[in-house]
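Each of the next two complexes has subunit A plus one more chain, namely subunit B in the first and subunit C in the second.
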Partner chain A sequence: MKQHRTIAVLLSIVLQGLGQIYNRQWLKGILFMLLEVAGFIYIAPRLGGAIWGLVTLGEKTQKFVKVGKMAQMVKGDHSIFLILDGLILLFLVFVLLGVYAWNITDAYRSGKLRDELKPVRTFRHSYEHATTFYFPYFMLALPALGVLFFTIMPIVFTVMLAFTNYSAPDHIPPAKLVDWVGFKTFTDLVKMKSWSHTFVGVLIWTIIWAVLATVTTYFGGILVALLIEQKGIRFKKLWRTIFIIPYAIPQLISLLVMKNLFNGQFGPINQYLGYFGLGGLPWLTDPFWAKVTVITVNMWIGIPVSMVLILGILTSIPRDLYEAADVDGASTLQKFRIITMPFILFSTMPILIMQFAGNINNFNVIFLLTGGNPAKGDYQFAGATDLLITWLYKLTLDNNKYNVASAVGIIIFLIVAIFSIWNFRRSKSFKEEDMIQ
Partner chain B sequence: MRKWKSNARLTLSYALLLLISVVAIYPALWVVLSSLRPGGSLYSEHFWPRQFTLVHYAELFTSKAYLYGAWYLNTLKIAVVTMILSTILVTLSMYALSRFRFRGRKTALTVMLVLGMFPSFMSLIAIYIILLQLNLLDTHMALILVYSAGAALGGFIVKGFFDTIPRSLDEAARIDGASHLQVFAKIMLPLSKPMLTYVALTSFTGVWGDFIFARLVLRTKENWTVAVGMWDLVNSLQNSNFTMFAAGSVLIAIPITLLFIFLQRFLVQGLTSGASKG
Partner chain C sequence: MMKKWLGVFIVCVLVFALAACGNTGNGSNNVSAPEASSTPAEPGGSNAVNEEEGELLPEDGASLVIWEGKSQRAFVEALAQEFTEQYGVPVKLEEVENPDQVTKLTTDGPAGLGADIVVFPHDQIGRAASAGLVLPNDWFGEETAGENDPNAVSAVTFEEILYGYPRSVETYALLYNKKLVPTAPKTFDEVITFSKTFNDPKKNKYTIMWELQQFYYDYAFLATTGGYMFGSNNTDKEDIGLNNEGAVEGAKFLASLKESLLPLNTGDITFDIKKGLFIEGSLAMDINGPWALADYKAAGIELGVAPLPSINGNPTTSFSGVQGYYVNAFTKYPNASKLFARFLSTKESQLRNFEMNGTIPANLEAVQDPKIQNDEITKAFYEQFSHSTPMPAIPQMASVWGPITAGIADIWDGGKDVKASLDNSVAQIKDAIASQ
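So, the complex of A and B:
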């Protein structure tokens, strides 16, 4: 009774596609077979080398060998390329293993149909079946491929780097080799005085910055929105348009402009302070004032965003709530506290948390405005306004401390991921999306 | 007494609104005026210039040291191609995730959310090496590829939008015999125009603003984007050529700002639909 399915599965295990041919699905079987052959031809000669590369990270360095009278350079193993090549090959192997598993279940399913004396699908029929029931997979295939190769693979690669000693000056290929060091980079970050001092300092400032940046723009936005929407204020639309301007100017431009505006020597702000007989302030060059400056400039950029958001929410508060409150004789302040504020908080909570997470990684504001400076002598490659993310950038691009940068990146990710997953899980879209008709 | 109080409140409010307006407009106005001022210095005695000149704008395009025109065209090219590609990718993936219930859907959503949280240049080194292997360094192709490949990850707002389109619409079309592809092309796409505009606009402006990848990938001056060029201008000769920088800023900011104000309502829609749908 169960003959066909068993035979089909066994054949498919032996050679991908054979089960399909046994089930008389010729075209499908041949396609499967060709895929396996192609995969085998590509992967088999490379697999051994790839695993060797991933395990050892290379054995010989680049060096000069005397050939006759000339010194000739002999290329050594490049550890980083070995990691990447190995990774790409492993990804391919996984994809092909997936196809292999699919081939077996497909053979089983068709065999089962034959056991039950039902007709097996023809190729055209299979195609139609697939485009009807697996339509979303077809739509997702291309985006998924892009994400796989340009997001997931780089991330896996970076995570791997955190467990190596890939850093200047002693472990930069091709002149030198890189080794696996396990959790050493992470423990150094916590235990070694020079690193841990910088790490803790930058981490604390990152959190202070994220809290201040989120809170100031959020409440600033509420304040401005309420100011405009007050009873008796005229030209509401005009005010709104003016206040949106900072949001509309590309951040890159406004930040670079602000950098000039706050210039300690020639900037107009210090010039005006001069007119009033006040001395200029070291806006970007003193650690404390630089921090004040980045928060202030961030308010200029961020308040309009919150304002737009909150204006939208204000219009959605039911009018009758206020009318009922008026009947009960509530004051303006009471109405704000009991109706407006809870309503705003409730609808913006998810966004507020996302903004907080976003501010932890707010690269642009810091990098374009202060570049993380002013420099701090007792920090390892970081300045007073550097966030973890800008520190990571400096570690990577300016100082080639790739392993520490990767470790810091993983830590940033853990912090941000915890917030976002928690937020996402409790947000409506995840819980109730099937209720939408 | 009550009247007096409300008048005082209104006056104070107007004063505040005026003050905020000045703060909001001042930097923009200052840059526009600086770009029209003769001389190159950041320092000036008067806020309102005594004379106006357009020489800095001309200088941008004639100067041998700053290839502003080339940068502008480069950025425009990259932005347009990225915009088209990412809009297609986002629409495809978010439509599938919103409309169909299939195995692995929730996992896909969670994975996407987590991946979206990764600091994008945590993978900086890896992408650099991949581009090096593919021989794509210093090409615009590389930027386009990197910008649009990850686009699907930022599309939750689009998913929220698709979620709100009544399902009875496509069910009716399906009963009438339309295929999935026809439903998508003939019913969903026309309905989602505002959302598509939003996606297109944000990916377009995203390219203008991105500086990190552009600086990493583009090595030769002729290939730079405007962002890299402007940053270089500020960093290398802050005070001596400030007016030229200002002119360059105006040329970037004005079209994007206008586009933005023009399409504002879509953006507001996008922001608020993100609010209720996560």
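So, the complex of A and C:
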């Protein structure tokens, strides 16, 4: 006896909600049906245009027509809006298809209940069931829609741009159209000499920067924290306060101040060096020293964070471990290597990984301190200290090379994602939750 | 019971959320639907009526937004008030610095978020016009073309269509402190002679400065000896003259100044540092434009302005620019916008802007005004203006600044071979143009 479930499923396939009505779930069926009708009314007339838009990215360009003395603008197709509209519609179709699938499984389930001669849930019953057992799913449905349209869709949109030629000055809508070019932007990044040279150079510096910035602030933080926590150090609170101050000043301000401090000719730092009879250094104007400067300044900003973190961890290390070590006659270095460091590493590994990923995209320090400068003659739209992320900023906002920027963005994402996943999988913090204790 | 009602509520929200998504899609669909795209923009009908009456009237209920730089705020606000009194159209000012406007308009304009009236230097007109972001200056076209300096008019014209409403012309000249330099030097040799008694980098005393990081200023050195940006009057994107013989000669001269005049790196001179030094009297001469006048006058300096010192006996060629108002192509109120752009750029307005901010009018009658004729500073700027080249306006301009600035930095900071550095910059520019 599988009659009911088959008929219900078939009816639901034909028209969403019909199976529910067949199962005598009137209200539910009508709601499903209304949703499908509304969806059809909305999507049917637009789907053709949306697909046409996504495929062609527009055919007509905007122009001006003289009407008497006035020039009238005749609107053309805006390729970028076409992509967006097409995406929105496709996502909507996707959501409605999900509801359609849900409708079929629901019809099947109710049909099965009838086949087994059990009573079908009434609407009221369904609600009670749903709100009791599926309440979290109901609550998550709205955020899920939000995530779909406000998180996933922009990402898909950005990724799609990398496969177009959306760049100044020849392909900026509305007066000009954008075309799909496939992987050309990516191949240009690798093949065209000036692009690939810049890309590789900036990429290498980005990785060097991320490693150095993470390592220096991390170990700097450990060092400062250990020093402050040493027995016999007085004014501990004062030290902590002093070291946390750089973190408390907004970077936007402190970095711009730093920029002036490090000015090669007029900055106080070189002036002080001058008083001691030392020649000044080209802090921000020499490619090598500029790199040293950004790392140094980043330590000034980053060490407080690690310090606070590690101060917290130090207090959680059981004292008796050290006492036992003392009894066994361990040296200070041994205690640090065998007790303190594993504790710190275990607790901070996830944060360390996030800091590394964050440093790859550390826009503030570079942009505010050097602006990517000093300029580099053989780089395309980039300077010696530009990270991928600041290069990307220059590409989009200064030069309107949206397609290249998008391709670079995808590459940055891949790098960060690969590093993070690889690290997460390797770090013990996530494998053995009770490694210590 | 509570749970049940909550459930009903959630379902309602979900349904509305779907409906709401639908609505947003609907709104933007006007643009994408192929049928809709062939109809002219809406206000077409009302324009025709106005035209018969021979007068341009603002749309009913129009209100305008204008983007302008900080220094122009007082002027724009004063005129906006008069405009509102006359036409009943309120105007709001949003601060956007002129060089950033076209970039912002590229994305904000078509999305309907841009200001109705924008202001930018003419070198960006090619970018803006070829992307279809600005409306032609049609209604007031004849007046604009007739009243303003022909060079200024051609600067705000792109491919024979007049777009702009000129606000002011500008170029840089030699600003000097009369206390330190009684008479302005005529040649760079005189500058170097003067520097021997004045320059003292240890005490931060400098003879002359300009923003080395901005090729806008460095161009003068390359151009005076025969370099140029683009061929055939700055319109031929294939012909780049930044590494020809003249440019190399000029760049060599430029490089020679590091030793004698400015032993600094390019990145160390910023607009603000230079301003500070000039105001405190540690800098005798400053290559700067009219935009710096207000600050210097306010600081009480005995300011003199002269044309740039000549190089090898030739008058130094500077870059000149024309600031103009433009109407956003996507404005909801094109008539009101055109009226206001016109209102801001008439002879009277240009003169008022001169009085308030020291900007140099583009209006021919305004130039003849005794206020300007008797103004030593403005006269000096005009003299320099006569030796200037308008910045190129073709869209490929955007690809030039980065590479050539880097090339100058290589020469000045890195002491690299002049010819090789310039060749490299030009190769970069060509690559950038090719990958468009």
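The definition used in the following text is that the second predicted complex is superposed on the first by the 400 of 437 C-alpha atoms of A that agree within 3 Å, B and C clash if a C-alpha of one lies under 4 Å from a C-alpha of the other, contacts with A are read in each partner's own complex, and residues count from 1 in each chain.
Convention: contacts are C-beta pairs under 8 Å (C-beta built on N, C-alpha and C of every residue); 3 or more make two chains touch, one makes a residue touch a chain.
Predicted model, so just to flag it, every value in this text is computed and none were measured.
Asks: Is A:I233 contacted by the first partner subunit B, the second partner subunit C, both or neither?
Replies: In the superposed model, A:I233 contacts subunit B only, not subunit C.
Asks: Can A:D286 be said to touch subunit B (first), subunit C (second), both, or neither?
Replies: second
Asks: A:I30 in the overlay: touching subunit B, subunit C, both, or neither? Say first, second, both or neither.
Replies: After superposition on chain A, A:I30 lies in contact with neither partner.
Asks: Which of the two partners, first being subunit B and second being subunit C, lies in contact with A:F266: first, second, both, or neither?
Replies: In the superposed model, A:F266 contacts both subunit B and subunit C.
Asks: Where does A:I412 make contact in the superposed view: on subunit B (first), on subunit C (second), on both, or on neither?
Replies: first
Asks: Let me test your reading of the model: by the given contact rule, A:T158 touches which partner, first (subunit B), second (subunit C), both or neither?
Replies: A:T158: touches subunit B, not subunit C.
Asks: Figure out whether A:A248 sits in contact with subunit B (first) or subunit C (second), or with both, or with neither.
Replies: In the superposed model, A:A248 contacts subunit B only, not subunit C.
Asks: Could you tell me if A:V211 is touching subunit B, subunit C, both of them or neither one (first, second, both, neither)?
Replies: Neither partner.
Asks: Please work out whether A:L142 is in contact with subunit B alone, subunit C alone, both, or neither, and reply first, second, both or neither.
Replies: both
Asks: Which subunit A residues are contacted by subunit C in one complex and by subunit B in the other?
Replies: The overlap between the subunit B and subunit C interfaces on subunit A comprises residues 80-81, 84, 131-132, 135, 139, 142, 149, 263, 265-266, 397.
Asks: In the complex, go through subunit B and note every residue touching subunit A.
Replies: Against subunit A, subunit B makes touches at 6, 9-10, 13-14, 16-17, 20-21, 23-25, 27-28, 30-31, 41-44, 47, 89-90, 92-93, 95-97, 99-100, 102, 105, 108-110, 112-119, 121-127, 129-130, 133, 145-146, 148-153, 156, 159-160, 163-164, 166-168, 179-181, 205, 208-209, 211-212, 216, 227, 230-231, 234, 238-239, 242, 245-246, 249, 252-253, 256-257, 260-261, 264, 267-268, 271-272, 274-278.
Asks: Using the touch definition up top, name the residues of subunit A that touch subunit C in the complex.
Replies: Those in contact with subunit C are residues 31, 35, 38, 42, 46, 49-50, 52-53, 59-78, 80-82, 84-86, 88-89, 92, 95, 124, 127-128, 130-132, 135, 138-139, 141-142, 145, 149, 167-176, 188, 192-195, 263-266, 274, 282, 284-286, 373-381, 383, 397-400.
Asks: In their complex, what parts of subunit A are in touch with subunit B?
Replies: Per the stated touch rule, the residues are 80-81, 84, 131-132, 134-137, 139-140, 142-144, 146-147, 149-155, 157-158, 161, 224, 227-228, 230, 232-233, 239, 241-254, 256-261, 263, 265-268, 271, 300, 304-305, 308-309, 312-313, 347-348, 350-351, 357, 361, 363-364, 368, 389, 392-393, 396-397, 402, 405-406, 409-410, 412-413, 416-417, 420-421, 423-424, 427-430, 433, 436-437.
Asks: Quick check on the complex: what are the subunit C residues that touch subunit A?
Replies: It comes out as residues 3-4, 6-8, 10-11, 13-15, 17-19, 21-22, 24-26, 28-29, 31-34, 36-41, 44, 47-48, 51, 103, 106, 110, 126-127, 130-133, 135-136, 138-139, 161, 201-202, 204, 213, 264-268, 273, 277, 329, 395-396, 398-399, 402-403, 405-407, 409-410, 413, 416, 421, 424-425, 427-428, 431-432, 435-436.
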